[in-house]
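Labels A, B, C and D are assigned to the chains in the order they are written; within every chain, residues are numbered from 1.
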């Protein structure tokens, strides 16, 4: 093992009430594990401070590249947790709505966790292609198809065991509830940034009585989890670098950040190289 | 054991896909375990047909009265399941919104399952009195107090581990999410009978990232569960007949049913006596 | 809240791999959370060092006595965890073998977690009396009765849902497996201090195919859990001081410790008072 | 979908107490779901009776061969359940002891459920080859290596998250406990056919306090589960027919059965063809 380490987007203290309860992403307060952007900055600098470093620095094995390791700090951890929360039965059915990097990792996570049929919903051909590589069995284009009707049709009218929302949009969240069968799980992964309310469609929620469970999450951090994610990369179970559609030198960092906003040129993830 | 038996409101087939998956209340279809009112009638008659009787007839022990046993067929099973779904940590905090019979049984269930502090929300003094007897520690009158502010105040700003919605109203559902701490569980028990949508307040839901889980249920049936509920009555752990505020002979059945609609005279549950 | 604090027997670092995995009692290594006797001493002194104090010091509320709080540092936490591990269904049956302080707290825990019928096994009348006060429904004297036969008889031949071993002896462990029904849980609480092997009776284990689960534990520590335990004391749900059969001043500490060894005079727990 | 159906080795009634509790393999009594050999025969005949057929007949999709479907009736269901019981964390480590057909399916199950490193223990080169194809990362030959030392060495002294016993032998069971880390799970899959006791090594069990869990199982049946297993075959996630090392016509059935006893010629599974 070399001397490279990765730092997750979420760096809990591991010792407050919420951390002791097992909800380290909610460190001290809602979403409190997410400290960098919100509470302190500098993590693009040459050196920066990491709180509770013994628990939050994850050594990078020699056979894992910097680029691959970077994905364990957010996209892989978040998308995989979305799949873990989805409670997919072995051989069950799953749908992922939104095929950005987190959604693609949710697809990969669903595959790693034993789903037999994975529906991937988006409208961009390049994303569909990647989703297939990460394990999707069927792609559904919401611009061309009635997503809910199509998924219900392809599951014999039953709906899926597990639906993952990886966009953070209300219509998508609604659709997740609509395509999930009774007793199934809706795993919200997306960040919902707008409006006062997110709406649950009453009928498809079974009037509040259909045993449907709605879970949420914030990217889980910690060296122990990150080591497991890196093990999956080492073992060849998943290669997150397929999502690196664009590469920039550090001097071009603004270009990369702009691309994240514009989503132009079919970007999935731009990678900034420091050296 | 005598020759009396009880029949739950929900009578699953136990053999369809949903039953095999463990969601017997969703027998063959959403809410499908609830067969009597919806699919067949006659269960107020002297004799009536019970599907899959070997699994759905629950013998009533000699030391459990007909009146007590009647509560195991819906109120106790539903309210207790609400508390089971609430994932209350031992010594944790719980809030129950709505103190009708199901809500009162949710209070009793929360007490039986180890909550250390139970908040009971309603506005009717007689219901508060019963809630206290069933184990509530604090009553909160929504007509006199800002329920959310009060519960947050009494939990030191943290909110409760588990909130149970036992009314089936949108404002109550919203409040459940508002008083639940990150990592906590909202257990919906109420039947939501109106509107196209039930709304989740975005901020208090942590923008979809606060690890809050929303569970739902329909009254679980089955002889095995009902035997356990009757064991609790036999052992004196709970006495559901305290909720029997009114008694009628069968000839007066319409009076009793009317009372259920009007909620007059501080009724909790009217009991119809056949003999 | 005053300025008194309690320190659990187990003081995890909360940040190592095992702690991050949720097994803080196994901090860094098997049983590694148990640091005082094994790794450092002095905790009977006027001042002593507490590692990771922000997570391991538990404030004692004003209405909880020092004596009651002392029980949360081991007996209550251990016995209650034994009941939590036992996976008792609501209204289910449970048996506790061994009614020392940890066993008595397992009885109290089983009661708090919703068991409808609790069997308490020992041979000392004073312990039976306390077990009844803590919630046992039936006492079984292993010197007078065939414990396994009696529990099977009283459960209609089925056995219990959950059996707790609170002694740390092989015959008791065997009996736990023998009285547990298929699909049930054996929760080992006792410390097994002798021999190379603990034996599982093959037939009653269902030839390794009866869906019986064997769980183990070491006293869980941490301020968050201890606060919940103290909440239960505050709310009057449990009074551990009933177990204080003997009281000594600090000058008599050796007497108290001897009593722990000899088990004379029907001692349950001797309390050492520092002032 | 055609008109072929498969019948699992376990055919529960789905309605007795144990079935309602979710332990359908323990139908009415320990191991009671296993009815054919024990309670009735004829299932090698041209026609035979299937109890509770609506729940126990699993339609075989057109693109699943008879041969592949046969594996869902026992080997796949049993081995996969062993992996499900093993509680493998995503990216965690797992060891499978014994690479007969059930052990090989446990390897495949561990891979399907997200293990990053799978150790497969046996001594037969042909089995190692198949284990690799089913997802094993490392093979350990117990005739050439100290299995426990080797697995501990390869996990940096920590041991695995999950160990699966797929042989039904005491030394193997012991080794499972020895290689499992604190907080890990031992999943017993093997049938233990001999002796009065199965022994737990005391020290490696952490004196009964290392948070190690021992689970057991009997092959789960039911049309719902079998449909999911067939979905995995349809989707190409697993091909159980790789285990078919020998093929016989029905007239040669005795040869095939003998081979099961002698284990000669590196047999994994002999397949009997009726037509």
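Following the convention adopted for this analysis, a residue touches a chain if its C-beta (ideal position, glycine included) is under 8 Å from a C-beta of that chain, and two chains touch if they have at least 3 such contacts.
Bear in mind the structure is a predicted one, so any value in this text is a computation, not a measurement.
Asker: When contacts are scored as defined above, which chain pair ends up with more C-beta pairs, A-B or B-D?
Answerer: Output for the comparison: A-B.
Asker: Of all the other chains, whose mean CA position lies farthest from chain A?
Answerer: C
Asker: Could you classify the chain B-chain C contact as same or different, where same means more than half of all interface residue numbers appear on both copies?
Answerer: Same, since most residue numbers here occur in both copies.
Asker: Between chain A and chain B, what is the gap in Å from one C-alpha centre to the other?
Answerer: 35
Asker: How many angstrom lie between the centres of chain B and chain C, each centre taken as the mean Cα position?
Answerer: 32
Asker: Could you give the separation in Å between the centres of chain B and chain D, each centre being the mean of its C-alpha atoms?
Answerer: Whole-Å distance between the two chain centres: 40.
Asker: Can you list the chain A residues in contact with two or more other chains?
Answerer: 17, 21-22, 89, 225, 227
Asker: In the complex, go through chain B and note every residue touching chain A.
Answerer: Interface residues on the chain B side: 17-18, 21-23, 25-26, 29-31, 89, 158, 165, 168, 173, 181-183, 188, 190-203, 205-218.
Asker: Which chain A residues qualify as touching chain C in the complex?
Answerer: Of all residues in chain A, those touching chain C are 14-17, 19-22, 24, 52, 54-55, 222-225, 227.
Asker: Which bits of chain C are touching chain B when the two form their complex?
Answerer: Residues of chain C touching chain B: 80, 84, 89-93, 109, 112-114, 116-117, 137, 225, 227-232, 234-235, 237.
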